[in-house]
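Read from first to last, the chains carry the letters A, B, C, D and E; within each, the first residue is number 1.
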Amino acid sequence: MTEAMLKLESLKAGYGPTTVLDGLSLAVAPGERVAMVGRNGVGKTTTLRAIMGLVPLAGGRIEFLGEDISRLSPHQRARRGLGYVPQTRDIFPSLTVEENLLAGLKHRPRSAVDEAYALFPRLAERRRNGGTQLSGGEQQMLSVARALLGRPRLILLDEPLEGLAPLIRQELLNAFQAMSRETGIAVVIVEQQVDEALRYARRALVLDHGTVVHESDAQVLLRDTETLDRWVGMAVH
Amino acid sequence: AAPAQAQSVKIGIVGPFSGPFAHYGALFKAAAEAYVAGQGGKLGGREVELIYRDTGGPNPAQTKSLVQELIVKDKVDYLGGFVFTPNALAVAPLIQQSQTPTVIFNAATSSITEKSDYFVRTGYTLWQVTVPLARWAAKQNIARVVTAVTDYGPGLDAEAAFKSEFARQGGTVVESIRMPIATTDFGPFVQRIKASGAQAVYTFLPGGPPNLGFIKAYNENGLAKSGVRFLGTAETDEFDLQKFGDSAVGLTTAFHYSGAHDSAANKAFVAALKKQDPGAAANYASVGAWDGMHVIQKMIEATGGRKDGPKAIATARTLQWESPRGPVRIDGKTRHITQDVYLRQVEKVGGVLVNKEVESFGPQVDHGLAQ
Amino acid sequence: MNTSTTLQGPAEAPSEARHAAAPRCRPAWRAPLIVLALGALACALLPEQLGLMTRIFVAALFVLSLDLVVGVAGLATLGHAAVFGTGAYAAGIFALKVMPDPLAGLAIGIGAGGLLALASGAFLLRYRGFTFLMLTVAVAQIVLSLPQKARDWTGGDDGLSGFTVGPLLGRFAFDLEGRVAAFYALAVLVLLYYVARRLVDSPFGLAVRGIHENRARMAALGTPVYRRLLAMYTAAGAIAGAAGALSAQTNAIVGLDSLSFALSAEALVMLILGGAGRLGGALVGAVVFTLLHHTAASINPYHWLFVVGFMLMAVVLVSPAKAWGWLRRRAGAAS
Amino acid sequence: MTVLFNIAVDGLAYGMVLFVIAVGLSLTLGLMRFVNLSHCAFAMVGGYCAAFLVRQAQWNFWLAVPAAVIATAALGAVLELLVLRHLYRRKELDQVLFTIGLSFFLIAATNALAGPQVQLIPLPPGLAGSVDLGFRTLPAQRLLVIGAGLAVAGAAAWTVARTRFGIWLRAAVDHSGTASSLGIPIRVVQCASFAAGAALAGFGGILGAELMPLEPYYALKYLVLVLVVVAVGGMGSIAGSLAAAVVLGVIETASKYLASDWGSLFFFLAMAALLAWRPDGLLKR
Amino acid sequence: MSLLLDIRDLDKRFGGLHVTRGVSFQLHAGDRLALIGPNGAGKTTLVNQVSGVLRPDAGEIWLRGENVTRLGQAQRVRLGLARTFQITTLAPQLPVQRQIEMALFEREGLGGRAWRSVDAYPALNAEAQALLQRFGLRAHAATPTEDLAYGEQRLVEMALALALRPKVLLLDEPMAGVPRGDGARLLAALDSLPRDLAVLIIEHDMDLVFRFASRIVVLAEGAVLADGSPDDIRRDPKVRAAYLGTPA
């Protein structure tokens, strides 16, 4: 593996008295596509939130681009190149679609929002609508586009495919593939649509009870039904 | 309790000590304590204990339970205070039943003293000061007056007093304006006064911000310049007076007390008050409390400090003395204070504004009860 | 997750392990009975403070009714004094013009409060949130301006006085010490507390709480949202009317302050102070606030605002529930 | 005819005073969703500062006003940093309780420090007089209020709707965590916004002092009036607040000219009617 | 089979946006209908009109032989209509069992009873617990709803709709956010529903749709693009182009 871009060392975090992450460690290389899977409530979202600084750490350390960012506030992390698409989408209801996108621009000029419209033409048609007037799937597009506009070097995607039509799901994954080829953006994706995520990713991590219990090439894991049944419980195929 | 304690006379002072009217309470307290201090700390040879109770604003229910507690628990011998009419009315049944002499320092509706035999009033009523003012206005060849009063009990009292007396004197009230109690912008009312074509405006306002707002509007909208005379009563009260600045100079009012009243008794009063509380203003509220304490002192002397309501009240009915406001007496029938009312004009003396008494109308009874 | 959460909040001792997973209501008579015992005890211990006690009971009843609106139905209002004052004026005018019997007057107060709530609620409940809040202010101000105008009936700002209240049940006359008044107020409080308790624990109360928490869901379950809220609003209005009538009868005077914005706001402060939504909190808030006002004001009338202001801020920063829990843990650790 | 002109002129002037006092609350309540019932207390602080600077410290009026506004903003910022920021996520009723408590406290403090009397802010010579409008005169100070009100409305509306800061603010309020993960410095944005709201309150307190005199109870006395303007205008809508303030100001003034016996009845009737007609604010589409 | 829901020429606009364009279809007893379509096609909006949250601009909705187009939500529920929400819509602080009981009281017309305690209806209390048992939530009966995991809240969402014993059930993406393991549980619950119940489900997970549905309606740009059996839909080139993408 090349020099890691993001490195988590025995992370501990939780909510109040409950510990969710219990000594979690992982590393992501530049331009890498990592899928993170696991059962409901094992701490996938918490991991992403901890990386972003949205849950306080009880222990461990986070390194990004060679710098210890454990003590930085979320917006400082964002400015160093982290991007995040939350599971709950979190569209700003008091902003229009366009303003939602502007909120993600950091200090780039306003015209940069056109990149988002190029990615999701549906959003262009709705640009003056209130953010929460969008349909479920459109909100998901908006959330992804908003995070991408900040030009992150590494983006954390929390179930970005939820509620999207199959066609759009593919388009989105293709877009990410193209992006990571062109700009070298690294991606960490958490998905319940495990097969799709694994087909897209290069490396796969399986989480359980706040630690990484399995790590392998994504395509290998995709065929490893035994591991999947054991840790992910997807008796789908 | 120690015997000395048991012999002390307890006086409950009820008034607003918090809220927008807290300055009344402060003035009651300063004047009452100044009076007691001036008597060497004793009234009628007895130690006195002053117990203060806070009513906030007009709040009869709360006042009633406070007074009930004063009577039942604290076992007060006398009550004093009261700024708001409804609060005074609320306690009438209580003091009647318990025979507790109660001196009203301020609350100014005529009918209060009728509600219990144990009420005595050392303040004033609006009828008392307005009637002579209406007579005087008529004599000045003012024929057309507009009244502009705040739309609440005392304001309506004032309006009725002025209208009836002015009509009797042959004048005309061309318009009666009632200004809502929450008014902050007096501009429109002043425009109406101007448009009414009257030669003078008779006004009544509650103290504080409305006074200030009205008088400012009166000047800014050019009423003074266009010759519409200002006729008032408590508006140029010493408590607010300095705030008006030069715009107040020349305002005419009729009232029973001026801080600038020229007499030895008044000088002594002002000095005692300032000594007690340098911030306290010598005005109708503090003089009401001062004289109220005098009445209580006489009642204590008459009863020898024992609780005997009927005897105390009988004494109060006959009192007559030289007050800081001038010679006064308690009217035997109405238990309301009979006092001289003066015509005053605001003047600047030595850099401060004062209510200069320019004419005395002589002793006035409560014309409201005479109606 | 095996603590049993009841409708009222904190759990009972998990004695019945079998039913540990099922939520259960406490018997509706229990809390009112405790109030009755405590109230009677306080009256017996402080026979000289019966006036204060009466004031507390009336305030508690009023805040209780406010809790039905704010805490249970989730309708923040700053106009609740309108129903209180209407009940008070109705009872006062009834005593003056019709008959002095207190129980008949109480019934009139309840009816008047309920009617006003029904009428105003029919309009107000079409709105929600901040709009609703401000409309309640408007309605209360409009209601306030009526007795101001109708001086002949209400005495205007001098207050409605001069009526006498006859002896309770034809036997107990209202006395100077306020003994009858205090026990009368306590009895009405306890009775209506019981009624409110039953109301809240009933399917109807459950539906109203559901509406509070999620209107869209209740509508999708087939609940006639508007009708339920109106019913609760009317019930609360009737209880507030009772409080108003009590106030009129025990004080023998009704002032415009009984309709004022300040009273509405103060009741809301008491409610939040004690904790909204649990009825018991309303009583605690009313007792604490009134007592504090009384003592702070009689120690130093000037600066009681300092005390109240401080306390209100402190309560928010260090919530009483948390402080209690902390104290208990400390005590537990010590013993 | 003159009456109509009078109503229009006085109503506009009064409405603008209402607006300058209310606009800050519209921002904190509507945009920050913080129920700041101590808004008028901040207005009072601003007014008292100005009064103190001009009267006691003998500062020039035009210097004292910005200084007082800045002082109010600083107080707002400090309070936000120390306490209020912990309340953003709390229930509205908690916010109500805390800010009412804060108002009580400030009232008591003001009373203790400056006494219960009304405080005046002496006006500079240019503002103290009256302006002749032909058919009547109008206090010159009222013209300043109208001008300043329009300027404030324009500046605030532009900041909120057109600038990046406005977007950041609204985003930070909607989902603070997500906003910060997009690179928005939410703490700075919140603190600055609250301070701006306080500054506007202070400014309103100074400009409005001619009509709403400064005294300790100021903090509660005009609260309802201000809330009414904010509600009718629609929370967070600056143009809406302006429209509401002027409409209500004209109605209140008309009632003073034509039906003053009814007190504030028409004001509240109008408010109820406007709210019932447009529950989300006058200018809401 | 009897006709339960009949939607005729429904039209709805949001300002300039035409979200529903002349949509018509029918639902019979026993139907298992899947409503699919691209994001923003107007599926949720359609469900909102059927359930009474939104008023259509034109067209009619007939429920069990009655025209309900102008009726409120409550009346439609009484006629046997129940729905779930795409975005979880529950009373967050009520214990889970109380949540279910609310539905039961409304179903029995007892929602206005204001005197006896909610605990004094043993039959309904037991029914609520049985329902929770069926969804594996029995242990959480006293837990405030907001403390449940997201997937469990989705189950409560479903249990609430079933508690009404509906004749017509509208499910808006019930599996969204639920991992497939839990999804299986939901599916089992769906399979065990009475056969004469008509179910309309909106879902983007095509595996699930093809396993569950007996008929599929495809919505695109607010209009019905296709209506037919799963096999027809799977092969329909228009549907592929607009929605499915690569051959499924």
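The criterion applied here is as follows: a contact is a pair of C-beta atoms (placed from the backbone, for glycine too) under 8 Å apart; a residue touches a chain by one contact, two chains touch by 3 or more.
Source: prediction; values computed, not measured.
Looking at the partners of chain C and chain E together, they share no chain. The chains touching chain A as well as chain B are D. Distance between chain centres (mean CA atoms), chain A to chain C: 51 Å.
Spacing of chain B relative to chain D, judged by their CA centroids, is 36 angstrom.
Between chain D and chain E, the centres computed from C-alpha atoms are 48 Å apart.
Chain A and chain D have Cα centroids lying 43 Å from one another. Looking at chain B, residues 22, 26, 151 sit in touch with two or more other chains.
Contact with two or more other chains is made by residues 148, 302, 305 of chain C.
The set of chain E residues touching two or more other chains is empty. All chain pairs that touch, listed by label, are A-D, A-E, B-C, B-D, C-D, C-E. Looking at the complex, you find that chain D touches chain A at residues 31, 164, 167-168, 170-171, 173-175, 177-187, 236. Chain contact summary for the complex, chain C toward chain B: residues 48-52, 54-55, 148, 151, 156-159, 161, 176-178, 247, 251-258, 262, 297-298, 301-302, 304-305. Only residues 14, 17, 36-44, 86-87, 149-151, 173, 176-182, 184, 204-207, 242-246, 248 of chain E touch chain A when the two sit together in their complex.
Of all the residues in chain B, the ones that touch chain C in their complex are 17-18, 22, 25-26, 52-54, 57-62, 64-66, 68-69, 71-73, 85-86, 89-90, 92-94, 97-98, 109, 115, 151-153, 156.
If you check the complex, the residues on chain B that touch chain D are 19-20, 22-23, 26, 151, 177-185, 187-189, 191-192, 195, 208-209, 212-213, 216, 220-222, 239-240, 243, 245, 279.
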